[in-house]
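Each of the next two complexes has chain A plus one more chain, namely chain B in the first and chain C in the second.
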Partner chain A sequence: MPTTYEPIATTTLGSAQSSVTFSGIAGTYTDLVLVAQVKYTANPSYAGIRFNSDSGTNYSNTQIRGNGSSASSGRNTNAGQITGGSYTTGFTLDIFNIMNYSNSTTYKTVLRRGNQSDDVAATVGLWRNTNAITSVSYIIDTGNLDTGSTFTLYGIKAA
Partner chain B sequence: MATTYEAIATVTVGSGGAANIEFTSIPATYTDLLVKISARLTGSNEAILINFNNSSTNLSSKRLYGTGSATGSSNYGSTVYVGNATGTGDTASTFCNNEFYVPNYASSNNKSVSSDGVTENNGTTAYAILDAGLWSNSAAITSIKLIPNANNFAQYSTATLYGIKNS
Partner chain C sequence: MPILGILASSVPAAAGDYESIATVTVGAGGSSTITFSSISADYAHLQVRGWVQSTGTPQVRYRFNSDTGTNYTWHCLEGNGSSAGAQSATTTNEMLIFVNGLIGANTPSPFVTDILDYANTNKYTTIRTLNGGDNNSAGNIALNSGLWRNTAAVNSITIASTGTAFSQYSTFALYGIKSA
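And now, the complex of A and B:
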């Protein structure tokens, strides 16, 4: 049986830093999965992922979330990133599924599941760019990604 | 390239039903764990809760759900739920389709759980459920027990534990 779910790269932060980037991603897979167990040192205005170092407002997100007492949904257009977690005292578990990342004809779509002590969320995201994704960055605008945060990028191959 | 997504064990419930499904002696040789569940109960549709290492303390979770006609969110201060299982009130022969992911299960950090589940049964009510769970414990996870909130797992219910390596 061929291997279809392969680790591409992983990192565990030995010190706090503002971003983590996986670069040089080969186009040999069909989809990507980024598993981030991440802690923030401060309350950011935003955190999440960007592709190919694009910090422009070329992303959009629609989200449904529950805080333990009510459900809500919201969206933001012309955003600067695919939405990640919000500030919490513990770790946030973010799992991003990035579909058909290596084609050069379509905009790129993302499904995210966010889990933290005060929030459970699902997000659909869009990067309005037809370029193949060759790098993925997890970024935060205020404070840092804290020591002990782990990030692993997997590649998934279609048969 | 090493195989990174491996089936560790599968449990299939027999004709007598089962009060729980348990995976024991989980090795620490993986990075993350993933469990996929196809289950039905001998009574009504109920939530499935999990225990790690037979510990029933320091568990908490948040739930976001839709029923087909309403949405809501719930907070659980002493339980980690991983979706619901279909029951006798649901269409016959339909089983839930749930999965939950546990990263860094052998680390000394608290353990996070991300769960997605559905109980679609072509009936009036079906649940789509997202659960975020936390076990505030530094011990490596060596066993996982799935327990219906009420009733038993019915025959043909299955759960498979996968190990995922990051290198």
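And now, the complex of A and C:
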């Protein structure tokens, strides 16, 4: 059987910065998985991922989360990103499954699992664009992605 | 790298531990059922990565080894953008995912299912699934678990729509995860 789940690229931040981008992604896989262990320097209005440098309001999200005392669900339409973690004193683990990313006929849907010190969450996100995804950016609008944050992009290829 | 680490965190193992076993892509005209059969017991765990579309809003169900008896249980934690809820069924004939239905209208709805210790013949088989869909005006995200009350090794997996068929290009990929 063909082996897969290959690391494509990894970035560890040596200094704080506002975004991390993996570009030039080949269309040779079936799915992408972005594993981010990320710390924010400030409380952002939003953090998350964008595709192909699209900063327009072409994304939407539906989320469920639990904070230890209650469970809740929320969503946003016409958003500027697929939602990632929120501010916490420690690191957030964000894992994004970017499914069927290279097809050029449908919108792209992403499944996310988020874990941090004050909550656990799952998110489904949509990018309303039929282009193949060739770059993935993890962005934050306020403050920075802190030193020591790590981002690894994997590719999974179906037989 | 420990396989349990893979499943707990979804962080992959070293190269060579994760293998593509088979893929089914739905053809023209659609299909309501796909089956992976003759699954070998060579792995520690299985993972199904699905990307489904439908013109309707069907639920999706799992069955193992063609067992249509009431030998399954499932639970679901879900969010629809307004509230969080939970559903379940016991002594039922399927393990449901997309319990509230696919988003429909050909919006892709993906899922990832882990089938744990599937070849063990000393215990029942448990699965977990992350599944969801969003079309900008509505969405649903869910965490599901399922139990097959049978100690047989899982050697076939059937995934079926409970209503409108899966549309063309819907894709189901089966992977095997090895242990050390």
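The criterion applied here is as follows: the second predicted complex is superposed on the first by the 158 of 159 C-alpha atoms of A that agree within 3 Å, B and C clash if a C-alpha of one lies under 4 Å from a C-alpha of the other, contacts with A are read in each partner's own complex, and residues count from 1 in each chain.
FYI, a residue touches a chain if its C-beta (ideal position, glycine included) is under 8 Å from a C-beta of that chain, and two chains touch if they have at least 3 such contacts.
All values derive from a computational prediction rather than experimental measurement.
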* Asked: Fit or clash for chain B plus chain C once both are placed on chain A?
  -> clash
* Partner, of chain C and chain B, that touches more residues belonging to chain A -> C
* Asked: With the two structures laid over each other on chain A, which partner does A:Ser137 touch: chain B (first), chain C (second), both, or neither?
  -> neither
* **chain B versus chain C as contact partner of A:Ala158, first or second or both or neither** => second
* For A:Asn97, decide between first (touching chain B), second (touching chain C), both and neither. => second
* Asked: For A:Ile64, is the partner it touches chain B (first), chain C (second), both, or none of the two (neither)?
  -> both
* In the superposed arrangement, which partner chain does A:Gly148 touch: chain B (first), chain C (second), both, or neither? -> first
* Should A:Ala122 be classified as contacting the first partner (chain B), the second (chain C), both, or neither? -> both
* To do: Examine A:Thr10 and indicate which partner it touches, taking first as chain B and second as chain C; both and neither are also allowed.
  => first
* To do: State whether A:Thr30 touches chain B only (first), chain C only (second), both chains, or neither.
  => second
* Looking only at the overlay on chain A, choose which of 2-10, 20-28 or 56-64 in chain C hits chain B. => 2-10
* Residues of chain A that lie at the interface with chain B and also at the interface with chain C -> 3-7, 35, 64-66, 71, 93, 95, 113, 122, 154
* Please name which positions on chain C make contact with chain A in the complex. => 9-13, 15-23, 49, 51, 53, 77-84, 106-112, 130-143, 169, 171, 173, 175-176
* For chain B, which residues are in contact with chain A within the complex? -> 1, 3-5, 31-32, 60, 62-66, 71-75, 101, 103-104, 109-110, 112-114, 116, 130-134, 164-167
* **Touch list for chain A against partner chain B, complex** => 3-7, 10, 35, 37, 64-71, 90-91, 93, 95, 113-122, 148, 150, 152, 154
* Structure fact -> Residue positions on chain A within touch of chain C in the complex are 1-7, 30-31, 33, 35, 60-66, 71-75, 77-78, 93, 95, 97, 99-100, 103, 105-111, 113, 122-126, 128, 154, 156-159
